[in-house]
Amino acid sequence: MKALAGTRTVLAPVALGVLALALWQALVVAFEIKPFLVPSPLGIGGAFVDTADHILDAAVQTGLNALIGLGIGAVTGILVAILANALRVLDRMLVPLVASLAVIPIVALAPIFYAMFGAAANTGRQLVAAVAVFVPMYLNTLQGLRQVEPVHRDLMRSYAATAEQVNRMLLLPGAVPYVLNGLKIGSSLAVISALIAEYFGGPANGLGIAITSSAAGSNYTVAWAYVLGAVLLGTLFYGVTAALEGWSRRRRRT
Amino acid sequence: MTDPRPAVRIASVDKIFRGRKGAEVHALSDVSLDVAPGEFVSLIGPSGCGKSTLMRLVADLDQLTAGEIEVFGKTPEQARKDQDYGIAFQQAGLLPWRTVRANIELPLEIHGVDARGRAARSDELLELIGLADFADHHPDQLSGGMKQRVAIARALAERPRLLLMDEPFGALDEITREHMQNELVALCKETGAAVIFVTHSIPEAVFLSDRVVVMSPRPGRIKDIVTLDFSARDEELREDSTFYDGVTAVRMLLHDGAADGARGVENR
Amino acid sequence: MTDPRPAVRIASVDKIFRGRKGAEVHALSDVSLDVAPGEFVSLIGPSGCGKSTLMRLVADLDQLTAGEIEVFGKTPEQARKDQDYGIAFQQAGLLPWRTVRANIELPLEIHGVDARGRAARSDELLELIGLADFADHHPDQLSGGMKQRVAIARALAERPRLLLMDEPFGALDEITREHMQNELVALCKETGAAVIFVTHSIPEAVFLSDRVVVMSPRPGRIKDIVTLDFSARDEELREDSTFYDGVTAVRMLLHDGAADGARGVENR
Amino acid sequence: SSGDDAETTSSASGDAAPAELTPVSVQLQWLTQAQFACYYSALDQGYYEDAGLDVTILPGAVDIVPIDVLTSGSADFAISWVPKVLGAIEQGAAVTNVAQIFERSGTLQVAFADSGIESAADLAGMKVGSWGYGNEWELIAGMQASGVTLEDLDGGSTVQQAFDMNAFIAGDIDAAQAMTYNEYAQVLEVVNPETGELYTEDDLVVIDWNDEGTAMLQDAIWADSERLASDEDYAASTTAFIKGTIEGCVFAKDDPQAAADIVTAAGSTLGTSHQLWMANEINKLIFPSTSGVGHINEDQWDATVAMALETVNPEGSTIITTEPPETAYSNEYVDAALAELEADGVDVMGADYAPIEVTLNEGGE
Amino acid sequence: MRRSRLNGVLWGILGVLAAVAVWEGYKAIGPAEGVVVGDIVILPRTTDIAMPHTWDVLARLFEPVTRAAGADVLWWAVLQAAAFSLGIAALGWLLGVISGLALALLMQRWVTAESAVLPWVVLSQTVPLIAIAPLVRRWGSEIEIGSFQWENWMSVAVIASYLAFFPVAVSALRGLKSPPAADIDLFRAYAAGWWTTLLRLRLPSSVPYLLPALRLAAANAVVGTVVAEVSIGLGGGIGRMIIEFAATASGDPAKTYAPILGAVLIGLVSAGLVALIGMGLKRFRRAEVTA
């Protein structure tokens, strides 16, 4: 039964993926669609192999910014959530601000950050990613901190535990699954955000720049090879954080 | 343990819960009760009569509406801060990410006992509750009864002078329950701790207590107090007729004085 | 209700749970038991001996590994589809977004009973469980005992010929529990329903049952069956010596033949 | 901004439109602005209608590649820069440059006067801005011609420029890409904190690729090669469209203020002085014309192709690797249009063209 | 109850005021070139271009968009653009919610479908929108059925739904799987079919999971709408306004904040609308009420 489930979790998505790609390839071939309209999967694969070096370079640039943004966003998200959990007033004051932050599109946010932090540096990209991560991080952590069972709260109160002790021994450990879920959601957002922020400033390197400059020359096969690079990078981020979540869940046996 | 003051002094306490839409629940009305040091007092009564509420007031987990409570001559708040009591709830309330040992050590850790001291104490307690082999297990690997025992050990960890226990044996099966009752008796004798004990089981209350406080609901008040004066609490007592007399006395009070058919619907 | 076939026929049933990493739990081993129409059978035994599992097999909520089960001469699956039984779990399992009344009416609604019919039936049942005043409350406004009563009413809603009840009275206090026991007795007499009843309480099993099935764990098997032949199940019976004899008989079986050291814990 | 359908401005001014007008659409490469004054003026002044066309102008956007819109059949004509299209042609797009509306390049590299930058050679060691999106080729070609590689730049690559000039003004970029008609003006619309007045042209130095010899052909009208060959009506419409457009250009030359107002009325929210500046600068890219507006000069075309074959992008590849096919440009249609216009007495050369003086206001207001 | 909601609004306003105070406070004391450590600016520059005064931004709203005769006052232009984008975002949200729910149902119904589809659902969100937007527009333009003609705004709505469906699909799946095993057993004991179980058990119990997802989907739909407007060039909305106004970012920095305020407004309005839905579904959230 376990083996069956195992094959299913691996085989089923792969089968679906292969099927979709085959269909795509068949359509491109059957209707003789030109690569500058819709590139074929095989063409993209070929271009991916040919430009692997450049894709890797670009992915490292974008990935680094995403990683730094993920770090900044995660840490601030958790810290602010702890504060907001402790101070109801702060929590309520932050409601409209966080809701706003969640809807400010990157096209608007990135230029502001570049103006604030310099357009030749990567800071703006990292901050755009950080903001994208902050929102799910903050909301998830806050929800996690609030999932305390009343009996645990009573218990800590009966021990006259300090606020710091309650946070360290009860609230934070309890919130770990929520924090990790937030991190998981934030991870692929960080990649996408860092990538899109590349259009509005910073050094002309990275996956986003490469995608547009290839697309602008109608070289869609190469553009999609970079898109594939972006997908793989996003999947890597997601996979690592999802594995982290799974590992912690197993460790906690919940 | 020859404190002249009562361990707990409850004087004319009222507790009213104010719910949404102005709905009020009069949970406790004019409740007065003194618990002497080393005394074992059980609270018994139908569901919703305010047993848990009373215990929570003593533990400073809720605020009273009127009246006064003193714990070792101090306010409940001061007593809580001074860690004068240990508490065990009906739900075990173990932290799932801590091992059995770490759960037992939690209060010691919070109050700054060093690692050596903690380990020594938790070894003792694990022995007491018969879970020495499970020290490194996590709560989810324990049965309901085992969890409950861990929670009891945790309540005892700091050798409190006052133990507050809210239906701690509810989840145990019969044999384990008897064992834990015997252990509790031994422990109280040894440490001289006063106990306030909430239970639904009449025989349990009678077996354990110096006094059984019978409560009635709506609003919660003390209906009567049955004083029991057993010379020893051991297995023989469970067969003794004085024990059965105590059980009958409490049961009659609970059933509204009528020993027969009046075991009516309880309209909580 | 003069069906010649047994209500439930359990023949040499085995149930093995295959866990992760190939670990196996032999939950039931060679269990055989017939329940006659209108008969009240209790299952009792230590935690983990397979009581719930056996009941779930009868209800077609799990698949047996070996052996055979028939419910009114049909397969459990057919019996489930024909709605031949009503079931109540230990956890009340009420839907939180439905009122008390709507929860009771749930099975009727699923089986297409019209609104008038549903209302009439739920009125009766609300009366029976003494919660008429709470018809429009939601589960979170009820105490644990009240929830359990609603779950029982729900199991009775369709007047099933077979009732499966898994520790339905666990969360009730003594008085309510006795009341519900009396009601259940009356109900079975009235409808002639067969009952399979899981409980941890020996007096409860003895008071209610025609036969008490004592089980032992690892693997779960039937250790022995105590047949009780009371003329009437009323308040007098609770004080009667034949009742205490029954209790003692079951207790001895449970405590592995040792009669001592196990009394006075629970006499409900 | 204007209503929902502002981007599809149609000349079919209600019931007056005669039934025989041929509907055609043209895909611009950016938002509605005076860069496209020729087309909007022609539409507004009824030149397209006179030529028998019902023209729909489709404004562009960030991720819209006009040539793709053309080849996918969603537009009949597209406006795009030659080097960008050369890449697409090599990828298989069958399109033809039928009229080279801009004879000159409008792309500058702008620096502050005190930066020490005077020519492309000085860009080495500097932070150099670029938009990408295929707009970077002249810059790269110019640097390459002066022996400056991308690695020589501060940071080892160009700096990505946004739609604004903040990065340049804040000093994050030493030399920023700017179109004469847009970004250059944006700088001149900002208050210089040192003087309290707007920046002046004296505060800036520009590298003009026309002067450096690496200018490439910019805004041209592109048509579908296969349809040109097979569809006579389409070929006729092409000539008609070019004709109307050139008339629009002439109108804008003669009355830049009116042209600017037409564009604003078509839904542009650029400031009024900025819009006028743009209209005026556009005229300078068209007039005076060497061989009639729209006519593709072979030397310019060849120069652009030559650079496209040589200019190496950051990924190490050139725009194109082989010469474009014959069909890549054709003067057939534009010459026909020019002939008709000259017959009508329209001055398609603008030999005596003189630009106007435009005063920019803060923020382009 | 009403009072506490009012309180919430007041505190929210206070929060915005506090943010404004922090902004202006830092602008007053922070160095113009920002706080620089090494090469990196770690605290922002305080020039008017980088951080315009909040009151300048507000005042700008009450001036005309341009000096052109008959130009609208800025706030009105922003409001119109916001309403336009909100309409598209709402459609995108609806499409996203429907497809997200449909996917969740599919995955709940067949375990194999879940293992096959879920990874791709996750993967779909790692594809940058700029890669998809032009494709959607191009493929959309191929669609022409009778008098129906694909319009650009439909492409924008589709792209918005691409971002919106994700949280719905994932959370709805979790919600549909959330009923305790005992409840599932109960319905099985009633011999209730898949539909009955879905309608009476799974859907009601997924409400607490669904509501935050709907809110997230709304935020995503707004972002998707604006980005798609920019990407494929739909006029009339906030997205177009953002790039149009970017031209004046240096000369008239306050003006560039106006469409951002517009986006925030849409976000808050859509969050409010979802909250209304939440109130309508209140009875399914009883279990959520915590002590």
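Letters A, B, C, D and E mark the chains as written, and numbering starts fresh at 1 in each.
Convention: contacts are C-beta pairs under 8 Å (C-beta built on N, C-alpha and C of every residue); 3 or more make two chains touch, one makes a residue touch a chain.
Protein names from UniProt, one per chain: A, E = ABC transporter permease subunit; B, C = ABC transporter ATP-binding protein.
Being a predicted model, the structure only gives us computed values, none of them experimental.
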item: Any chain in contact with chain D as well as chain E; value: A
item: Chain B to chain D, fewest steps along touching chains; value: 2
item: Angle of rotation relating chain B to chain C [CA atoms, steps of 5 degrees]; value: 175
item: Rounded Å distance, chain B centre to chain C centre (Cα mean); value: 31
item: Rounded Å distance, chain A centre to chain D centre (Cα mean); value: 38
item: Cα-centroid distance, chain B relative to chain E, in whole angstrom; value: 52
item: Approximate Å spacing (C-alpha centroids) for the pair chain A, chain E; value: 17
item: Multi-chain contact sites of chain A, meaning residues that touch two or more partners; value: 37, 111, 115, 118, 121, 199, 212, 215
item: Residues within chain E bordering two or more other chains; value: 45, 49-50, 130, 134, 138, 230, 243, 246, 249, 256
item: Residue ranges of chain D touching chain A (in the complex, touch as defined); value: 62-63, 65, 67-68, 71-72, 84, 87-88, 91-93, 127, 129-130, 132-136, 154-164, 166-167, 170, 172-173, 313-316, 319
item: Residues of chain E touching chain D in the complex; value: 45, 47, 49-50, 65-68, 77, 80-81, 84, 130, 133-134, 137-138, 141-142, 152-153, 230-236, 240-241, 243-252, 255-256
item: Touching residues (chain side chain D, partner chain E) in the complex; value: 1-7, 31-32, 59-65, 68-69, 72-74, 162-166, 169-170, 182, 186-187, 189-191, 261, 264, 267-274, 361-365
item: Residues of chain A touching chain E in the complex; value: 8-9, 12-13, 15-17, 37-38, 89, 92-97, 99-100, 102-108, 111-112, 115-118, 121, 123, 139, 146, 150, 188, 191-192, 195-196, 199, 207-208, 211-212, 215, 223-224, 227, 230-231, 233-235, 238
item: Residue numbers on chain E that touch chain C, as the complex places them; value: 180, 182-183, 185-192, 196, 200-201, 204-205, 207, 283-287, 289
